[in-house]
Structures are given as structure tokens and as C-alpha cells.
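The same chain A turns up in both complexes below, where it pairs with chain B and then with chain C.
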Partner chain A sequence: MSTRIVVDPVTRIEGHLRIEADIENGKIKDAYSSGTMVRLLEEILRGRDPLDAWAYVGRVCGVCTSVHSLTSVRAVEDALDIVIPPNAEMVRNIMFCAQYMHDHVVHFYHLHAMDWVDVVNALKADPKKTSELAQSISNWPKSSPGYFSDLQKRITKFVESGQLGIFSNGYWGHPAYKLPAEVNLIGLAHYLEALEWQKEIVKVHTIFGGKNPHPNYLVGGMACAISTDDVSGLNAERLAYVEQLLKQGKEFIEQVYIPDLMAIASFYKDWGAIGGGLGSFMAYGDLPWNGYRDISSYKFPQGVILNKDISKVYDVDLRKDDEVQEFIDNSWYEYKGKGGLHPWKGESKIKYTGPKPPFENLDTSKAYSYLKTPRWKGNAVEVGPLARVLVGYARGREDFKMVVDKALKDLDVPVTALFSTLGRTAARGLESVLVAQWGLDFFYQLIDNIKKGDTRMADSSKRSSSKWPEKALGVGHSEAPRGALAHWINIEDEKIANYQLVVPTTWNASPRDAKGQVSAYEAALRDTPIADPKQPVEILRTVHSFDPCLACAVHLYDEEGKHISRISVLGD
Partner chain B sequence: MEARLLIMGVGNYLMGDEGVGVHAAQLLSRLSLPPGVDVVDGGTGGFHLLEYFEKYPRVILIDATLDGNKAGSIRLIRPRFAADFPKSMSTHDIGLKDMMSSLQLLGKIPDIHLFVVSIEFIQQQGVELTDEVEAAMPELLQQVTALTDKLVFPSEPVTN
Partner chain C sequence: MDNATMQKSPTYLEEFKRKGYSRKDFLKFCTLMAAYLGLENSSVGQVVQALSNKPRLPVIWLHFQECTCCSESFIRSSHPIVADVLLDQISLDYTETLMAASGHQAEEAMKNTMTKYKGEYILCVEGSVPTAADGVYCMIGGKTSLQILEEAAEGAKAIIAWGSCASNGCVQAAKPNPTSATPIHKLVKGKPVIKVPGCPPIGEVMAGVIVHVVTFGRLPELDGLGRPKAFYSKRVHDTCYRRPYYDAGLYVESFDDENAKKGYCLYKVGCKGPSTYNACGVTKWNNGVSFPIQSGHGCFGCSEENYWDNGRIYQRASAFPGFGIESTADMVGKVALGVTAGALAAHAVMTNVRKKKLIKGLEKEGKESEKELKD
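Our next item is the complex of A and B:
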């Protein structure tokens, strides 16, 4: 007899996800991941002007708004055979790096840290000892005993007033929390500092994209004109501000995020053997140094790793009919034919066959999700920071090897510890270090180019649809913070005839396929120990390590905005 | 000039009535408003919006709600804590509520007037509003601009 627990929703922010897990002998025997509401972006885009698609897709979610817009303009540029000027490429890259830094720091402190850091326990910390510890792991200036003691008083006030706010979803006091009170207090302090910091780095988007949230993109380049004397254009003062923001971001990542990550990880090394999951990974690659079409110039290399074998990396071709395909054997959709569909032939017709809400349990012997099941050559693969870091490592890139090997050495864990919940969370931090440096590299490249007299920011030669072919197919890809993202577009008679998005969370959170192969979440949850089924913090640790965001995959409405966990006993 | 008042509409523009706040912000940005009043389309901004709430001492927020009232009903709420936000505040409520909690923790929560517009369901796809919610728009804009005037020119006699 096994006990089934339900955690719904699992996400802390935009978009929602439901996990049903069968527990036997204190471990997860099997798990089901379901996206329980739908958002048909494909339908909204059909018949619209391809040049406007970026603005619609950018609205899909508030968290990674700019990566969808970026991927969309790349898809249209691919379809219409447009090559953007180097300056536009650099500006896109800089915005992308800023997005990464923002997203990863917010994920670590605001969406994931509370799975490891016990906020209530932090109130018991000795401020003096906390200060000594903080100063031993970092040069970050805000680390005096007075600073930590003031913070403790502030938080105590909230706890006593019953106004725990954002912290009310935690399983405080759970035996799975292992940090000393002083480390908990450092984590809490930086939770608050990261809140203040994150609003700075997004200004990079306002400067280049004209506004934030939902910055402006442009098919053919970027909409920010370089101008040395115009106050409203991209002038020297604004560029200097971008440099300052990027430097501050790098400093925060190096002096706060990474030391915290390593300090916390050192108490949770057992999670280096839990939550590994599929062992197969995919990255499309991104951050071109020499143009989007030159894949060899990408800072994030492209590739697929199968079955933990990092001695071999396979190439990915998003145009090939038999590589990326989406299946619906366990999804609430119907296709005209059978089997998997390449996204250029993709269909998005809903056919809900699940129970009528509200319901206790999904019938997981039938279709159980609004997510389709994407596969690469029939393989289930994980996407995201761990995939990117492993592909970089396996491709033999020195920059990746350096940060990864140092982290493994500092934590004194074997390389196999990367295939785990801890590895996934660590990979996000490690790539943040790389991205913070790349952001500055791209910035100096942009400045260098401008100094040489190149001020081109867009190729407008194809703005007029009279120059377009009657029919055109395009694909745009990116490495969104959560993983490999691609948009496929069919343009017919100057309009969008079909538009398909295959988003990272769909790769990771999808239901199993016709062969019974599970996707990344379900694989990673298997064998996870659950100390107390009423407080399944272990499920949150592993699922949150993927940084789930279902806004662009599906959408579920929940009344309370809380993690709901329910337990029922199954008959078999 | 130092900014004094922010009007922000939030919501998801792709989900029909859920985006009523965004529609309102877009219309308001075309109106002539008193100096020092800024209008922002907050979209589904979540944490990205934190800076706006820190920068302005007073904020008029416009959002959709699933409060069970007739679609297009307008209510004015004065939330002081995240917990004061109506429970079923549309689909982006978690991000917004989290942000409010954060502001509260940072001790920087501004003076907020929240207009909520009732919608019936959120599973709509598309950028159009339903007739019921569309019909409420003139009244919503009138109430927002009247409150704006009242907040910006507190000494002048108020007629409503």
C-alpha cells in the first residue's frame, strides 16, 4: 500500500504546477507532474503580423518576458533571412545577461532558498557569530554584528505580529532543515538585500528596451538608436550607467550569491545524491559572440548528453523533422494524425478528458496534463542550468571547467554529485558567475564597435512585407534562464499561419510518453526520501531546483496562492 | 519634477478580462493628467515592479479580481499589507502579493489605492475584453482620474 500526496501548486510565482507522488517506505515510488490549465498563445498569434509577434509573446509571463521576445524576433529573422548588425547582437546579449543575473538571483533567494533556509530558526542566531561567519566567507561589507542584530529585530516583529507574509508557505522546524541558525540568518539577510538589488539590474532592460517590464524588441535589430549627443538616445552617460549596473551585478553574484550557495550546499551534501533524474541533457546554446548564425561562437555551447555520458556530445538540429517532436499521449490535446509532430507541423487543439474540478486526484492512467511531451530523437532530456553547464563541461570549454572543478573541490564532492538536486541548484550559481563576466565582455565589445564608427542598430530592409516570400518557415532558439527555448513560425501571405512554442518547463515538467518514459521532474522525484508526508519539503527542493515556471506552458488559477499538500491512501 | 503619484494597471494582456488593468493603463496614458502623475503598464511584472513602488509615495493600482461580483463591478480597496489584497486577485496574484510582502518587509510599502474590476473567469484567451468589462471602462477611468485629482490637489473642494 502506498500513500499518495498532492502538492498543488508547487510554484511560488507565476504559473502553476501540480505534483502527485506515491510514497512507499518513506520514499517516492512514482510521481506525476501536471500542468492543469492552458494558455493558447498559438491561437492568439494566428493571423497576426509576424513583426508584432514579439510583443504578444513577451506578455506571456512577467518573469522571463524578454527571452520570449528575443526568441520570437530570432524566429522571424530566420524566416525572412535577416542578419542583424553586430551592435544589436551585443545589446540583445547584454539584456540577456542582465535577465540571467536577475532571474537566477531571484530564484535562489526568493523562490528556492526557503526550501533550505529556516527563517524562523534564523531568529535564534547569535548576531556576533553570524557576523564572524559572514566575514569568513565573503568581503561583502554589510556584515557587522549590529547589522544582523537589527535585521533579527525587524523580522521578529513580523513574526510576532503574525504578518509572516512571504514566509508563510514554509515548513519551518522540519527535520530536513540542517543549517545552523547563523547560516539561516545570513540567508535571510541576503533574501532582503537581493530584493533591493534585483530592481537595479533590470534597469539595463529599461535603458536598451525603452521600458520595463516587457521591454521593446525589433525584428531586424534593436530599437535603441546610438547617439553620442542626443539626450534621449543611447548616449555615453547611459552606456556608462549600464557598465556600472553590470559591474554591481557581478559583484553581488561573486560576493553574496556564490558564498551563500557554497555555505548552504556544504550542509546539504546528501542532496548531491538525490534528485538526479534522467541523466540526459540538452542545450540549444546562446549568447553569440560572432552572430547568431555562427553556433561555434556561442558562449553557451549547444549539445545533447545522453545517459550521463559526458564523453560524447550530440549536435541538435531544430529544423530536422525527426529531432524535436511533441507527443500528446498523456496530454489533454488531440492531433489529426498519430505520433509526434515537429513544431512546424505542430497542432494545439485542446481535448480535456480529466476530472471535473475540484477533484481529489488526477487519473494518471489516462491523460493528466495540459503540457505536451517533447522529445529529442525520442529521448527525454532535461534542460536548464545543469544541462548548459554539463554541455559546456563536456565540450571541454575551459571557462566551464574552471568554475565547475573549483566548486567540486571546495565542496569536496565527486563529479557525479552534479547529477542531483544540489548539482542543479549549484549549476545555476556557477553559470551566473560566467554570465556576469560575459555581460561585461559584450558591453566592451559594443563600446569598441561604436568607437570604430559603427552605429548600425537595425536592418530595416525587410520591414516591408512586399519583400517577403509568399511562404516562409523560421525557427528561433535561445537559452532562457530555465532552459532551451524555441519558437517555430510559419508565415503565409504576410501573416502568421502557425506559431509553436516549446518552452523549457514543457521539456522538464511534461507527462510521460507512449513508451512510459518519464520526463525530468518525474524522473528526479523518484526515490526521493520523504521524512513527513504531511510536510513534503523534499518534493519542493527537487522541483524548485528546476525553477519551474509554467506561465508560458500552461496556466492554473489557485485561490489561496499557497502550497497545498494533501494525503490520501491508495488501494494498491 | 519629483514624481508624486503613480497609476499602474497590472494583468495579463493575453487573457481577456484578466488584462483589464493593462487596458486601463494604456487608455490613461493617453489622457492629460496633472503634473507629477505617471502611468505605467505593469503587465505581469511581479518583482520587476518593485522599483516603482519604492519610488512613488502614492500608488493607484488597477487590477482584475475574481470576487464573485457581477463582471465589470468596480471596488476601491485600501490595502496596507499583502494579506489585505483580495484572495482571488486574478492569475498573477502570487507575484503581486509576494511583491507586496517584500515591500512590507523592507518597510517601504507605499500608500496604495487599489481599484479592482470583477471578472467572471480567467480561462479566456485573447486580447479583447468582454462586453461587460468593456462597458465598465468609462466608469473606471472616471473614478481613477477623480481620485487622482483628489490626491494631487487635496486642498481643492471635492465634488464626489
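Our next item is the complex of A and C:
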């Protein structure tokens, strides 16, 4: 006999996620993942100017900010056959790298760490031993006994005040926490340092895009003109600022994030065999070195891995009718026909059939989520850092092999440990190392271009709608921090006729399909040990390892039921 | 706050001392805080008094139809105080983005604060509330967002509506607003609501609003639209460093043209600075690094009511001839933003007769562009 437990709200994520899990003999027998918020942006987009779309869809998510805007301008440029100048490609890539660095560090310390780090236990640490430990794993300068001692006093007083703020009602003292007090104290110290640090790296967005969150993008390139001889343009001062931010970001990742990740992981090696999930992965690839259309130039290669077989990587084609399709068998929608639909042909109408709130439980024998269920050639696949790292590794890319093999060796775990909650969390750190270096590589390429006299930043020749075809289809894709993201656009008579998004968290958090195939969250939660059903911190570990982002589930709704376009947006 | 509340938690002065700062440091901090809040020197004492005696302000931060950009922006704040100090000064007892607890434990944390600090806590709301279909478009813990809002608002001392979603509905309330996304002030009665619009608001502005409430135990002065005057009383246009180019009739004609490289005015490529009230031109973004116009893209008015439906982003807005720096949001609120042929030229003539020749050319060109845009 199993017991149903509910975690809602799942916190330290973006958006509204509910997990219901059946526990039997101290393990999760089955789990259900439900997205419980919609905004219906697609209907709002219909009829608007394609040049404006990036701003609307940028508001899908403010955590993985910029990625929807990037994907949107790519979709419109694809539809209108616009090739952006190389400098704009570099600027977009640099912003992409800054976004990863920010997002992954914030995820690790502020959204995920408290699943592994016991804040209250940190008060028992010996500051001197903490200092010795910190200095043995990193050169990071803030590591003196005094530093840790001051911090400890501050947190002690905080806890004693009785006003625990964001630490209220945490799972402190839970038997699943395994770190020595000294490691907990380092984790807590870096939680606070990372909170300070994160506001710096995003300044790369502010310089190029004017603000963060939600920097500005532009169809045709970027709006930040290069002008080495004017205070308003990208000049030597602005560029030096970017370089410094990228270098400092890289330093933080190498000297704080990675040593902490490895130290914490070494105490949780058992999680290298928990939360593996589907074993099938997909990445669309990103970071073009030679133009968006030259997939071979991507720093992140694209591909699909099925059933943990990394000897074979399949290609992905987002334009093909039978590759990416969305199903609604367990979602709060209805289709006119049956089966799955490619996003360019998608149709949907929202149909909430869940219980009337307030309610205790969902009826998971029927539809139970605002998320649709996307599939690649009928396969459930996981997207995100682990997918990207595995695809890079399986494609034989040297830089991927180097960081992965080193991490496996340092932790003394087999390659199969990658297929796990721990592997997912580690992959996020490993790709951060790569991206931090690539950000600088792109930066120096930009400088090189400017040196050679190329100062173009935007191609405005096709921004006038008089130059557009009557009808145009486009697809933009990217690797958002949380995984493969694509937007499909249909332009008719200078307006958006249809705009659709299939986003990473939809791939990972969706409900099961008609065949009963579960998606990544539900697969990964199965067999997870639960020590105390009233304090299911283990569920959070696995769910957080995906970095959920459920900003919205957006679907076209037509009162006459005639319209056949729709968007499904969830997360980044 | 009453004495009972005071005894529950350390005061700011106690916090300072505990962290090893002296009373002198504390006074310095208070002076800076007063300066930041734009107060006279004589008010410093008031700040000192306020911070010496108050416990950390309990805050409940709810998330409804939103994208979390407001929470992200809040943690970007660099001043008046750094993020970790800020988190120490308020007691952020519930926020889905950062809190350790989930599920029942999270709900319990919120209930504890609602009971223990009834009438004392500040309720922050990020996101709009969908009222269509009995509220099923946003449910948390099996309840609708409206149910949660009503429960949490009841014992709140005041409500802060973060960002454009909570202030005016933002993108999900754009036509045809399919979920009936509704801003907070339309749903909560009998409680003061501070609107802090923007998508997102500037991090330092958000921190500034909180600091004001913490320091004085009362709300900042608001304009007729419910926004803190300190940050929303000036148009971006009037505080824009590119304003002289507008006055001189020098414009970027298309992105990345020669004029863009010279940093000319972005009005003709759609800048809505002339109709937008926000602190972007002064406070700027991310500790003053830049703001949209400085980075070459026009302002698209993200802090204004219904900005998603106020014309296309790259469509030239009508100018507001005659409106000086002294004009208030209340006055401009009565002037509809639309496309007015010739308004640009009228303003330019008024402000700079010496460039008459150039302006004439621009006027002709401007009218042609307006025609194109109106088609």
C-alpha cells in the first residue's frame, strides 16, 4: 500500500510546480509532475509585429532572461532570411555565456545548495578547520579562520533571533544531510558571496542590452553600435568592462563554484546512482562561431542519445514534421484530432478538467497539468546541462572529454554515474567551466573584428515590412540554461499569424503520454529513497537537479475552436 | 510596531554591533541611508531612531502570474545596501524563489508569519492574478492565486505590487487578456498598495522602496497612480543624456547607422522615453552601468500602464511638446499616447530655431515616415 504525498509549491525554482508522489517501502513508486499556471501569451502575440516578438516572449522568463529573446530574433531572422553581422553574433554569444555563468551559479548556491547543505549544522563548524579545508581545495582569498568565524557569529545571531527568514522551516537536521559541519559552513559562506557576485556578471547584459533582467535584443543584429570614438557606443572603456566582468566570472566559477561542487559531491556519491531517469537526451546545440546556419561551427553540438548508448548520436531536424511533436493526452487541453502535432501545425484549446480549488490532490488518472507532452520521434528525452555535456562527450569533442574525464577521475566514479541526480548537477558545473572560457574566446574574436575594421552590428535592410514575403515560416532554436529551446513562427501579411514555443521544462516536466511513457522528472523520481515522507528533501534534490523553470504554459485558445495555432511555453 | 514585536527580534543597531560595527559606523550608515532617500541632514536623527529600535521587518513575497524577473532584479540591488545585508534587515519569511522549505513546510512558514505578525508584515506581490475560469489559471498548493492573495492581504500592514504584472497586468494582460490577468490594487480593498512598475523595476528602486518602509515605518509618498514619487516622477526623456540631440533634431534613422554610432536620439526608431516615467535615466541599471537608451535601444515604456498595447515597439511615439521636466505623471496620464504627425517637428522648432534649416528637412522627412507608419 502506497502513500500519496504532495509537494506544492516546489520552491527555489521559477514558476509554479506541483509534485505528487506515491511512497512505498521508503521509496517513490510513482510520481506526477504538474504545472499549475498559464498566461496564454500566444493569443496575445497573434497579429502583432514580428519585430516586437522578442520583447513579448522575453517575458516568458526572467530567471533565464535573454534566452527567449535570442531564440525569437533567430526565428524571425530565419523566416525573413536575415543574416546578422559577425559582431552581433559575437555579442549575442558573449551575452549567452554571461547568462549561463549567472544562471548556473545562482542555481547551484541559491536554488539547489540547501538540498545538500545544512545551514543550521554549519554553526557547529570549527572555523580554523573550515579555513584549512577551504584553502586545501581552492586559492579563493576569502578563507581565513577569522572570515569563517565572523560569518558563523552572524548566522548564529540570525538563527537565535527567531526570525529565520528564507531559512524558516527548512529540513535542517534531516538524516539525508551528510556534509561535515565545515563543508556546510563553506557552502553557507559561498551562498552569501555568490549572492553578491551574481549582480556583477549580469552587467555584461547591461552594457550590450541596456539592462538585466530582460536586456534588449534586435532583429537583424544588436542595437549597441560599435563606436570606438564616441562615449555612447561600444568603445574601449565599455569593452574593457566586459572583459573584466568575464574574467572575474571565470575566476569565481573556477575558484569557488567548481571546488565547492566537487567537495559537496564527494560526500553524496550515492546520488550518482539515484535519479537517473530516462537515459535518453537531446540538445539542439548553440554558440555558433561562423553563423547560426552553420551548425558544424557550434560550440555546443546538437544531437540525440537514446537509452544511455553514447556510441550513437542522432541528428535533430526541427523543420521535419515527424521529429518534434506535442501531445496532450494528460494535459488540460483538447485537440480536434488525435495524436501528436508538429509545432508549425499545432492546435490547441485549453480545457481545465482538474479539481475545483481549493483541493488536496489532483486526479492523476486523468489530465493533470497545463504542460503538454513533447516527444522526439515518439521518444521521451531529457534536455539540459547533462544532455549537452553527454552529446558533446559522445560527439568526441575534446573540450567536453577533458572536463568530464577529469571530474570522473577526481570523484573516482564510473562514467555511468553521470546518469543521475549527481551527474545532472555536476554537468551544470562542468559546462560552466567551458562556457566561461568560450565567453572570453568570443570576446577576443569581437575585438579582432573591430581591429580589422569591421564595426557592423546590425543589418537593417530587411527591417521594413515592405521587403518581406507575403508568407514566411521560421524556426529559432537555442540551448537555454535549462535545455533545448525552440520557437516556431508563421508570418503572414507582415504580422504574426502563429507563434509557438516548445521549451526545456516542457520536455522535462511534462505529464506522461498516451503510451504511458513518462517524461524526465517523473522518470527520475521513481525509486528515489524517502527517509521521512513529511520532509521529502530527496524529492527536491532530484527535481532541483533539473533546475525547473515553469514561467508559463501558454496555449492558444479559440472560442470558435477554429484556430489551429498555439504556443506552449514553459520555463526557458 | 508595538513593543511585543520589538522584543521578538534584534534591532538594526544590535545587528550592527553584533557584526562588529561600531555605533559610529551605524550613524554613518544612517547618514548614507538618509542621503539615499533624499532627506535633509536634519532627518538623519529620525533614521537613527528608526533603525535602532525596530526588529527586522517581516515580509511575505507571493508569486502569481509572473516570470520572476522582479525577484531577480531585487537581488541585483547594489545600493543603498548590498544584497546580503538587505536580506538581513528584513525577514523574508516566504518567497517561493529563495526559501529553503517547500510544500507544507513553506505554507506553514507563511501561516506562522501571518499569525505572529498580524497587522505588521509587508505583503509583496510579484505577478498578476488571473480571475477568468474561477481562477484555475494559477493555482498554488491547490488554491487559486486569488484565494491566497485574499488570505495574505488580510493581516498585512501594506502591500507592495512589484513590477508591471502586479501593477498593471503586464504582458499577460495585453489584448485580449485571455486569462483576465488582474493587477493587485483592483483586487485588494482597504489596504495601501504601493505600485512599483517596470519589467522589471530597477533593483535599487525595489530595495529603496523596502528601505523606506523599514526606516520610517510608513509608506513612501506616492503619485496619483500609486507609485513612489522618488522614482517615478520624472520622464525618462527629461533625464536622458541624449536629450540635447532630440532638442537639436538629431536622430538615429535606423539601427547601426552613422547617427547611432554618434549616440543621437532614438526617438525616430521608437523610443518611448517621452511618455515613460521611471528612474532609468538617473539611477540607471545594475549599479548605474547603463540603461536601454545608453546601449542603443529605445525605451519601450515598460513601467507604463498598458505599454504592450501602446503601439509597436519601433513605431515612433507622438512627442509631447510643451511638457517640461516639471510635468507630472498625473498630467501626462490624461494625454493619450498615439501617433501625431508633425508633433516632433513642432517641438523641435520650439526648442531650437538655430537649426531651422535642418529641422525643415527633418519635418518633411518626419511627415513622410509618419505616413509610412500610419498606412
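Note that the second predicted complex is superposed on the first by the 547 of 572 C-alpha atoms of A that agree within 3 Å, B and C clash if a C-alpha of one lies under 4 Å from a C-alpha of the other, contacts with A are read in each partner's own complex, and residues count from 1 in each chain.
Convention: a residue touches a chain if its C-beta (ideal position, glycine included) is under 8 Å from a C-beta of that chain, and two chains touch if they have at least 3 such contacts.
Values in this document were obtained by computation on a predicted structure and should not be read as measured data.
> Will chain C clash with chain B on chain A after the two structures are superposed, or do they fit?
Pair status: clash.
> Under the stated touch criterion, which partner chain does A:P533 make contact with: chain B (first), chain C (second), both, or neither?
In the superposed model, A:P533 contacts neither chain B nor chain C.
> Counting only touches as set out at the top, which of chain B and chain C does A:D49 meet: first, second, both, neither?
Once the two structures are laid over each other on A, A:D49 reaches chain C alone.
> May I ask you to name which of chain B and chain C touches more residues of chain A?
C
> Per the contact definition in the header, classify A:G279: touching chain B only (first), chain C only (second), both, or neither.
neither
> Does chain B (first) or chain C (second) touch A:F208, or do both, or does neither?
The second partner, chain C, only.
> Considering only touches as defined above, state whether A:D150 meets chain B (first), chain C (second), both or neither.
second
> Running through the overlay: 4-12, 22-30, 256-264 or 274-282 are the candidate stretches of chain C; which one clashes with chain B?
Clashes with chain B appear only in stretch 274-282.
> Once the complexes are superposed, what residues of chain A are shared between the chain B interface and the chain C interface?
Shared contact residues on chain A: 11-14, 37-41, 43-44, 56, 59-63, 65, 110, 154, 158, 163, 165-166, 192, 195-196, 198-199, 202-203, 212-214, 551, 557.
> For chain A, which residues count as touching chain B in their complex?
Per the stated touch rule, the residues are 11-14, 37-41, 43-44, 56, 59-63, 65, 106, 110, 154-155, 158, 163, 165-166, 192, 195-196, 198-199, 202-203, 212-214, 551, 555, 557-561.
> Provide the residue numbers of chain B that touch chain A in the complex, in ascending order.
12-15, 41-51, 54, 66, 81-83, 87-88, 91-95, 97-98, 100-102, 104-107, 122-123, 125-127
> Of all residues in chain A, which touch chain C in the complex?
Spelled out, the residues of chain A in touch with chain C are 6-16, 18, 36-41, 43-44, 48-49, 51-52, 55-56, 59-63, 65, 110, 114, 119, 150, 153-154, 157-158, 161-171, 192, 195-196, 198-199, 202-203, 205-214, 216, 218, 220-227, 230-233, 241, 352, 354-361, 455-460, 463, 534-536, 540, 551-552, 557.
> In the complex of these two chains, what residues of chain C are touching chain A?
8-10, 15, 18-20, 55-56, 58, 63-73, 75-78, 82-84, 87-88, 90-106, 108-109, 112, 130, 133-144, 147, 170-172, 174-179, 181, 199-200, 203, 242, 254-257, 260-263, 280, 285-287, 289-297, 300, 302, 308, 312-314
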